[in-house]
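Note that subunit A is present in both complexes that follow, paired respectively with subunit B and with subunit C.
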Partner chain A sequence: MSRSVIPFGPQHPVLPEPLHLKLVMEDEKIVEAIPAIGYVHRGLEKLTEVKEYTQNVFVVERICGICSFMHAMAYCQGIESLMEIQIPDRARYLRVIWAELHRIHSHLLWLGLLADAFGFESLFMQVWRNREKVMDIMEETAGSRVIISTNAIGGTRRDISKDMLLKIRVIVDEIKEDMKQLEPVFFNDYTVKHRLVGVGVLTSEDAYSLGAVGPMARASGISQDLRTTGYAAYGELDFEPVVEKDGDSYARTMVRLKEVYQSVSLIKQAIANIPEGEISVPVKGNPNGEVIARVEQPRGEVLYYLKGNGTKNLERLRVRTPTFANIPTLLKMLPGSQLADVPVLILTIDPCISCTER
Partner chain B sequence: MFDMLGSVLKNLVSRPATRKYPFEKREPLKDTRGQVGINIDDCIFCSICSRKCPSDAINVNKAEKSWEINHFKCVMCGVCAEVCPKKCVDMVEQYKTPAYSKSSAKYVQQPKPASQDNKTA
Partner chain C sequence: MIENLVEISKEQLLSQVQSMKYDNYRFVTASCVDTGDGYLDVIYHFDLDLELKNFRVRVKKDEEVPSISKIYFCSVLVENEMKELFGLNVTNMAIDYGGHMLLSDDDLANPMAKQQIVIEKRGAK
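Right, the complex of A and B next:
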């Protein structure tokens, strides 16, 4: 059968960000997918070499809009371990609260986009209405909706008042309740299942050998969640990684939806256990030496390699983002699938191209 | 099949989730980082804000007694307001409205006859 090449992206209604795929087709079936990235490279890694290490917090936050807090958190944790800074307990809990809020809004954004990808507009609207509640919490606690800039080396820049903590607890409960109402649509609706069940199956062995991270790995039965390593205050909170066995798009949806509930539970635990006290410690000196910092982002594990040379500028900063690790799994899933499933398949890896290209 | 029915019926009778924006504007929340403002009369032109700014948006000239900010470079992180020793730089809650051209705002401190009167008195 003759082959034809269909370009998919970088401009496509389903893609929030510019990913380009050359799809080699046989009729409606994909035989090969060739990715091309590089449309939104901004040279942020190079920029971190000319900025001071304290200013870099704001640079790394702008690597990605959706998980900006976790980028700053990974960077700060790296520099803190390099300079042997012990941050106050309250700051560790505040970081967990903001990080989990980010995870909720990222997963809700994704669930909405997935509904949009298979043409379920009203479900998309319902999910995003819920997400707006998280954005309002962000603005009220941090002063900004998306890039909240509350992380600093040595702790956090803002505190959350007691009243606000109680308010957050009520709002996350509301979000959980609303998502419980929408849950049957994702899990049981005939049309939704038709688009998700058995689409893009990634076996556990493939996920492992291709180095899948985050919800991609967990949906394929690999119980891998960096939060279990206990950074920030995660070691003092009670949770289990959400794992599904099937490895298809439906399993990945289930993992992300259940992680919303998990984040709600983590936020409530953090609010219940948060100690009083300082939120930051003063930082003196310059980082020297090299370190690797890892944090679990909504999309999976992010890895920061930091190298300081005793001056206020870093010698090298390198980021390995979760989407970069998950693109090989996408290329494994695409061959053999139908053209109509491509938008859903691309979305299920939750691509963040601006992260990947920096 | 009818999983959405409950939500649909609820949405039919409830108020819209969005505001009718141009007619109904939301008040900015407390401590929102809307834009950087300065009380130029209190400024001592120490340039700490300019040095700490991660996006090099602030220019301070001690000789001219001027303080200049490029709002289009500013990333609204609020570091300038944090480090200001006189607390004359602050984050204003109201967002900056869109502009037709990219320009920076320059503030020049006027000589203070009133303060000199105070000194002599």
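Right, the complex of A and C next:
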């Protein structure tokens, strides 16, 4: 049978960001897929060489709009480790609250996009209606909805009042209740299951050998979640990684939906246990030496390698984002699939091209 | 300081990576640093049960480094990235984008590398 090559992206209705794949087809079946990135590469790592290490907090936040807080959190944790800075306990809890709010809005964004990809518009709108509530909390606590800039080296820039903490607790409970009502549609609806069950199966062995991270790995039965290492205040909170075993698009949907409930629980625990006190400590001197910091973002593990030389400027700031680690899984999932499944398959890795093209 | 960091030579790289694969480590990524003295540091990061193990290989800028993508296929993107952004001479990659994964022909070559400015004396060759 003759083969043809179909370029998928960089501009495609299902992709919110430009990812480019070259799909080698035999009739409607994919036999090979080659990813091409670099369409919108921004060179932010180069930019960090000329910015001061304190200014880089704002640069790394702009790597990604969806997990901006967690980029800054990983970077700050790395610098704090390098400079042996102990941040106040209240700041550790505040970081958990904002980080989990980001995880909720990221997963809700993804669930909405997935519903949109398989043409379920009302489900898409219901999910995003809930996401708006999180964005409103961001605005009320930080003054902006997307890039909230509340992290600082040495703690946080802003505090959350007691009244606002109580309000957040009520809102996240509302979100959980609303999502519980939508849950049967994701889990039991015939058409939704038809588009997800058994589509894009990634075995546990393949996921591990291809370096999959986050919900991609956990949906294939790999119990791997960096929050269990106990950074920030996670070591004082009660949770278990959400793991599914089937490794298909349906399992990845279940992991992300259940992680929304998990984040609600973590936020409520953090609010119940947050201590009073300072939110930051003064920082003196410049970083010197090398460090690696890792944080569990909504899409999985992010790694920061930082090298300071005792000046205000870092010698090297290197970021490996979760999508960069999850792209190779597409090369395993796409061959053998039908062309019509490509949009859903690409979406199930929750690709963040903004992160990849940092 | 980075915990679990071992300095190895480029000749030891493939056997060391093979042994990581055998011990069921996950390949996390590789980080390249231009040290500014004509050398590149390449740090390979591996993970087992959320514990990192790192290997640093120090090579001259034009020196060849064997690809580990035949052992860990997922390293193919980061190896192409290091090749384009730093000029790291990685050989035998499973997929070689030929310098066009991130950069086009019009872009500055190796934009992450520290640029060497050589001032020649008048009359020198």
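As a working rule, the second predicted complex is superposed on the first by the 358 of 358 C-alpha atoms of A that agree within 3 Å, B and C clash if a C-alpha of one lies under 4 Å from a C-alpha of the other, contacts with A are read in each partner's own complex, and residues count from 1 in each chain.
The working rule: contacts are C-beta pairs under 8 Å (C-beta built on N, C-alpha and C of every residue); 3 or more make two chains touch, one makes a residue touch a chain.
Here the structure is a predicted model, which means the values were calculated and not measured.
Peer 1: Is A:327 touching the first partner subunit B, the second partner subunit C, both, or neither of them?
Peer 2: second
Peer 1: Should A:140 be classified as contacting the first partner (subunit B), the second (subunit C), both, or neither?
Peer 2: In the superposition, A:140 touches subunit B alone.
Peer 1: With both complexes superposed on chain A, which partner does A:185 reach: first (subunit B), second (subunit C), both or neither?
Peer 2: In the superposed model, A:185 contacts subunit B only, not subunit C.
Peer 1: Going by the contact rule set out at the top, does A:307 touch subunit B (first), subunit C (second), both, or neither?
Peer 2: A:307: touches subunit C, not subunit B.
Peer 1: Of the two partners subunit B and subunit C, which one touches more residues belonging to subunit A?
Peer 2: Of subunit B and subunit C, C contacts more residues of subunit A.
Peer 1: Per the definitions at the top, what is the overlap between the subunit A residues touching subunit B and those touching subunit C?
Peer 2: In subunit A, no position sits in both the subunit B and subunit C interfaces.
Peer 1: Quick one: in the complex, what on subunit C touches subunit A?
Peer 2: 1-2, 24, 26-29, 31-34, 43, 45, 50, 52, 54, 72-74, 76-78, 95, 97, 100-103, 111-112
Peer 1: List the residues on subunit B that touch subunit A in their complex, please.
Peer 2: Residue positions touching the partner: 1, 3-4, 6-8, 17, 29-33, 52, 54-55, 75-79, 82, 91.
Peer 1: Under the stated contact criterion, what part of subunit A meets subunit C in this complex?
Peer 2: Residue positions touching the partner: 34-38, 41, 43, 45-46, 208-211, 224, 226, 228-229, 289-292, 294, 301, 303, 305, 307, 315-316, 318, 320, 324-325, 327-328, 331.
Peer 1: Can you name the residues of subunit A that touch subunit B in the complex?
Peer 2: Against subunit B, the touching part of subunit A is residues 51, 54-56, 58-59, 62, 122-123, 126, 129, 132, 136, 139-140, 143-144, 147, 149, 157-158, 181-182, 184-185, 188-190.
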